[in-house]
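Residue numbering begins at 1 within each chain, and the chains themselves are lettered A, B, C and D in the order written.
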Amino acid sequence: MKIKLLAFGIAREIFGASSIEIELPGNTVADLKFSLEALYPKLKALASYLVAVNNEYAAGDLVLDIRDEVAIIPPVSGG
Amino acid sequence: MKIKLLAFGIAREIFGASSIEIELPGNTVADLKFSLEALYPKLKALASYLVAVNNEYAAGDLVLDIRDEVAIIPPVSGG
Amino acid sequence: MNQALEVQACIDWVMTPESGGIDVFIGTVRNATKGKQVIRLEFEAYEPMASKEMEKIAAQAFEKWPVQKLLVHHRVGVLEVGEIPVIIAVSCAHRDAAFEACRFVIDTLKQTVPIWKKEVFEDGETWVAAHP
Amino acid sequence: MNQALEVQACIDWVMTPESGGIDVFIGTVRNATKGKQVIRLEFEAYEPMASKEMEKIAAQAFEKWPVQKLLVHHRVGVLEVGEIPVIIAVSCAHRDAAFEACRFVIDTLKQTVPIWKKEVFEDGETWVAAHP
């Protein structure tokens, strides 16, 4: 499946864009992270990063739908 | 010795004045409290009260001087 | 101690380029105490000693935490519901120290500073904390 | 999230006749981090999710403490030294709850709300907390 991703902060800089499309072999959040890390190895150097689906933090086993709003959330640092 | 006292809050109301003079048989803060409580038994109904001498809280054994600024401090309730 | 307290001015005063966090405590006159309607509060202070005690508390806060600037103001006189009897503002490089120092100042002020508060009700008045 | 934060307006907004204590936390842009001079900060947010996360934190504070009103504002964009990226104001009947709820909100905001801060130095820039 093809998923559109929003990216912020250092993830946006790693991707070189605030939004990218990625083709996934599987359909879970864990599959997405696996594919992303293969394409963008710099993600693995981050302290951590999370995936948000429809404005909620998502666990690895969440199944993605093509209509979901998916975002990559590098370590937050507000305040 | 004769001591002039400043009084605040409920102590002022108990004395009926913001400043009174009192004749002491002794010369310590404890002597002052003993004499005051005899004259103004309502002081004993307070949760507590302290004596300040020259703007500092004073212990019972402090010896008073006629030139000291002495004040009766009922339970504080600022804030 | 007779002038209204301007919150913004207090914050401007404590802010420094080295500050990362400012904690501000604002005491306000509440319309009720223990379920009873309060009409107004009347504050009285032994002013020279109150100033001295507030300076001591500030000095202790500077000793205990890396405080940059600290302000504490307390009013006297008649205050209506919604008015501000006390304001404390503390600036620090980091927020934990600001929160802790600010709370220490108000907690200690309420224990040691010679200021007295009379609650005035429809049907009477009470010196707060006077009796057990 | 683009407008400057007016401290006085925030305090006026949380104050109620039932309030006895208001705690306000003001984050300010510090001129240095780990001894290195900071020129400015750049904040970026995933705005719809950030709003949602801030609402969740507020809801948790209302559950945990008897909060009367609570306000949390966070800015995005470029902020210079001395500007205010974040302000939290909490009103309660009693001060302990106000302090605790306010500290909970800023502590949790820093852990969960999707907002990112870039520190800009003379000789480079860093996304705060990005790397171990």
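We adopt the following convention: a contact is a pair of C-beta atoms (placed from the backbone, for glycine too) under 8 Å apart; a residue touches a chain by one contact, two chains touch by 3 or more.
If you're wondering where the values come from, they're calculated on a predicted model, not measured in any experiment.
Listed by label, the chains that touch subunit A and also subunit D number zero. Distance from the subunit C centre to the subunit D centre is 23 Å, each centre being the mean of its Cα atoms. The distance from the centre of subunit A to the centre of subunit C, with each centre set as the mean of the Cα atoms, comes to 48 Å. In subunit C, the positions touching at least two other chains are 27, 95, 106. In subunit B, 79 are the positions where the chain touches two or more neighbouring chains simultaneously. Those chain pairs judged to touch are A-D, B-C, C-D.
Chain contact summary for the complex, subunit D toward subunit A: residues 27, 43-46, 48-50, 52, 74, 85-86, 106, 109-118, 127-132.
Here subunit C touches subunit D in the complex through residues 7-8, 11, 15, 17-28, 30-32, 81-82, 91, 93, 95, 98-99, 102-103, 106, going by the rule given at the top. Note for the complex: subunit B touches subunit C at residues 6, 8-10, 12-13, 45-47, 52, 55-57, 71, 73-79.
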